[in-house]
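What follows is a pair of complexes built around chain A, which joins chain B in one and chain C in the other.
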Partner chain A sequence: MKKSISAEWLKLRHSRIGLILIVMPILSLLIGSANYYFNQGALQHGWYSLWVQISLFYGEFFLPLLIAICCAYVCRLEHLNRNWNVVMTAPVSVASLFLAKLAVVSVLIFIVQVFFIILYFVAGQLLGLSSTFPIEAFGWSLRGWIASISIAAMQLGLSIRIRSFAAPIGISLSAVFLGLGMYVTNMGMFFPYSLLTIGIGALSQESLTGVENSLFLIMNLIFISAFSSFAIYRLQKNDVIQT
Partner chain B sequence: MKALALEFFKLRRKWILVMTTLFLGAEMFWAFMSISKSMARNPDSTGWEAIIVTIASMNGLFLPIISAIVVSRICDMEHKGNTWKLLISTDVKRNHIYMAKYVCATTVLLYYIVLQTIAIAVYGIVVGIASPLPPSLMIQFIGGGIVTNFAIVALQQWVSLSIKNQAFALSLGMVGGFMGMTSDLFPVILRRIFIWSYYSGLSPVSYHFTNHSMEYVIQPMGAGALAIVLFMSIIFYFAGSFHVTRQEV
Partner chain C sequence: MNTPAILATNHLSKYYNNVCRVNKVNMAVHEGEIYGFLGPNGAGKTTTLKMLLGLTKPTEGSVSIFGKECSKNRQFILSHIGSLIESPSYYGHLTGLENMRVMQKLREIPDKNIQEALHIVRLEKQKHKKVEQYSLGMKQRLGIAMALISFPRLLILDEPTNGLDPAGIGEIRELIKSLPKRYGMTILLSSHLLTEIEQIATSVGIISDGNLLFQGDMEILQARNKASICIKTQDDASAERVLLTYGYMPVHQHGHLHFENMSDLQVAQVNKILVEAGFNVIRIEEHKKSLEDIFLELTGKERSL
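Let's turn to the complex of A and B:
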């Protein structure tokens, strides 16, 4: 497993994926902060209002698409030059191959979340927010990351199955809207994309109760296990199709 | 013509029209939900203008991302299948293949815009908008969308074909969607530069807030804005074609 993870990191060398990972949070932050700056009269809740402005589009659109891009990216090399044949005949279990990819994507998204929190803090300081930094922001970010792993498990399954780089990202975009619909109809706990909305606190900053937090974690565990098991099963049972 | 027919032939099992229709369905569902809520809150703003302005601004988010996905799928199959050598060894010039891909992508997006216009008309009739469907506004809406697609597809195709790694092309699409969605917040000079802002910039209807209420304004298609978009389309297309046809395979 450790070797599989090292191999995945090795594949990302010189990939410049870091560039993509930092541009999206910066853009979300710039636009959100500008919006906050020009509407300070209406936005009275300091750090909380700033979080809404910067996390709304980041958490709703750009983070899910960023996860989809990362997942498609870590499968890209296998889809090229019939590399699936090489990977599937290597002395590595399919499960460790999938879990290594999931671990790498999770670490990448974790770095993005940490970077986003740092940007949030810097933006608040530059905008002159005098109140103390909300400790909940770490919770929003951490929960957002946990929900991101669920999405990554689903997207990885799709990206392994679909050769096209763009198609899983398109599916992710559609899932974002389905997730929004499920969140609005109070069924957010039953879909990974809505779990991200709940976790990151993009639309509501009210703290989750103990029960809700437990349900949130349980649902994420279920999604991660289910999507991973299904993807591993498909990899084990189905032939690799190289066209 | 043959090259174009072959581009469509290559797409026959890619489900690209189905995918485009599903995206359109997601956008229209969101837009119509939003418009219905807005109409329920403010019955005075019930009209074609409200529908057109909402959908034009949503196109600023959706169409750059969908364009990126469509163009990437059309271009990436050559990268993935290692077919460039095969293509350039045939009796077809590379710039003709480039043009065929461009026309193919813009046709798929034309399908999106036309279907969207039909959806707007059907929705307006279903919710019972009293005034008849304004043909001039709809033609300008279609025209603005098509012309903006010309520039965005040209840019995306350049990136998708010159950089094998499609993550960059799709990220550009995401950045474009972000710019398109927030374009109304930018100063005019930036709006003129960012091509993604023209979905709302060339929309036949715009709005501004007066005394906490939204007022819709009919705006004719500005010759200057139209000229800029067409100029950008030409620049992106020929720069991309020049660059890609001279790239070593």
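Let's turn to the complex of A and C:
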């Protein structure tokens, strides 16, 4: 597993994925902050109102998009130049090949979450928010990250299966809307994209109860295990087809 | 071959949508040999090689390598195999050296292997260049270096000289020929080029339409190549009649008298008979079938190789 992860990291050298990882959170922050700035009369809850504005764009659009792009990118590396032939004939387990990709995407998203919190803090300072920085923001980010891993497990499965770079990203955008629908109908715990909405506190900053927190974690664990197992099974059973 | 087979397939078959691409192939590659897997394009060579490596799942049959069943010992077997399948795989945005490092990490091998493999394929000077800037030949060399990186027991190369210029082909050919002695490797290489297999391989397997038509030492194949003697006289028809009375039974075709399985002494006797009977012997030739003729005989069809 360690050797697979180390190989995956090496493959990211000289890539422009880092640029996207920086630009996406900045974009969502700029849009959210502008929204906050121009509607300060109606938005009375300081840091919490600012979070709603920026996390709405971030959690409901830019972050899912970012996860889908990262997954499509790490798979595109293998789709190009028949690289599946090399990785699938390496003396490592198929599971470790998949899990290494999932680990790398998860670490990238974790870095983005940390970066996003820093941006949130800076934006709050620039907008002159005087109250104390809400420590809940760390929890929102952490839960957002956990839900991101579920989404990444699903997106990786899709991107391995579908050679096109854009198609799985398109699917993720449709899934965002489906997730919103599930969230609104109180079924949010049963779909990874709505788990992200719940986790990141994009639409509600009320703390999750102990039971809800446990259910949130259990559901993510189930999704991560299920999507990963299915993707690994397919990789093991299907022929490697390179065109 | 007396050495044990380190690679053996048992009724290996592959069907795509009920169309048979590889049909009950029983292949045996022995330790230390260079096995040339010869067949026209579309004969099933790559499909077979991909099944050996587990990239394609057999519809029927099994593969055993190093005496172990492949489906149950995947990682062990792959750790002792180097391969280059279809065309070279590479990460274009990485340098040649970084591509080798990816392989190094996946296979946990020392740095010196990278240097040695790059040295063998003469890519040391270009190792810091991004692979997307490499020529096709350089990519092919890198592919071979990546296959060699662990200096494996078994090296599987699918059309390894594709994309190389004539000088490069000669160089890679010599390299492949040297590997069994230098590193104790066994090599399985496929090609649609008869001359290539003829020059490199010690054993040969001929596949056509998914069927393994011949398998054995190169010498056995070449032994099928029995020489016939062709004699041309001024009057072949009369010469034939005379020779028949001496118990020789030539076949009169293409303006020559053809004799199969003639010893040197018999050739001399025939010549003497003809000269003494007053015939002008214009030409005595030894005619050998080319390997291409044998291949066409085996496949039963005239198709491009």
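Basically, the second predicted complex is superposed on the first by the 243 of 243 C-alpha atoms of A that agree within 3 Å, B and C clash if a C-alpha of one lies under 4 Å from a C-alpha of the other, contacts with A are read in each partner's own complex, and residues count from 1 in each chain.
Going forward, a residue touches a chain if its C-beta (ideal position, glycine included) is under 8 Å from a C-beta of that chain, and two chains touch if they have at least 3 such contacts.
Keep in mind that what you see is a predicted model, and the values were worked out from it rather than measured.
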Chain B and chain C placed together on chain A: clash or fit? fit
Max touched-residue count on chain A (chain B vs chain C) belongs to chain B
Touch test for A:Val23: chain B only (first), chain C only (second), both, or neither?
first
Which partner does A:Ser4 contact after superposing on A: first (chain B), second (chain C), both, neither?
second
>> Contacts for A:Leu80 in the overlay, against chain B (first) and chain C (second): which applies, first, second, both or neither?
In response: both
Which of chain B and chain C A:His14 touches, first, second, both or neither:
second
Practice item. Name the contact category of A:Asp239: first (chain B only), second (chain C only), both, or neither. Key: second
In degrees, rounded to a multiple of 10, the angle chain B-chain A-chain C between CA centres equals 90
For this session: Identify the partner contact of A:Gly170: answer first if only chain B is touched, second if only chain C is, both if each is, neither if none is.
Result: first
Return first, second, both or neither, reflecting whether A:Arg161 touches chain B, chain C, both chains, or no partner chain. neither
In whole Å, chain B and chain C in the superposition are separated at their closest C-alpha atoms by 10
Residue overlap on chain A between the chain B interface and the chain C interface 15, 80-81
Listed in rising order, chain B residues that touch chain A in their complex are 14, 19, 22-23, 26-27, 29-30, 61, 65-66, 68-70, 72-73, 76-77, 80-82, 165-168, 170-171, 174-175, 177-178, 181-182, 185
Given the complex, residues on chain A that touch chain C span 3-4, 6-7, 10-11, 13-15, 77, 80-93, 237-240, 242
Chain A partner, complex, touching residues on chain C are 50, 53-57, 75-76, 78-79, 81, 83, 85-94, 98, 101-103, 105-108, 130, 146
In the complex, the residues of chain A that touch chain B are 15, 17, 20, 23-24, 27-28, 31, 34-35, 38, 57, 61-62, 65-66, 69, 72-73, 76, 79-81, 163-167, 169-170, 173-174, 177-178, 180-181, 243
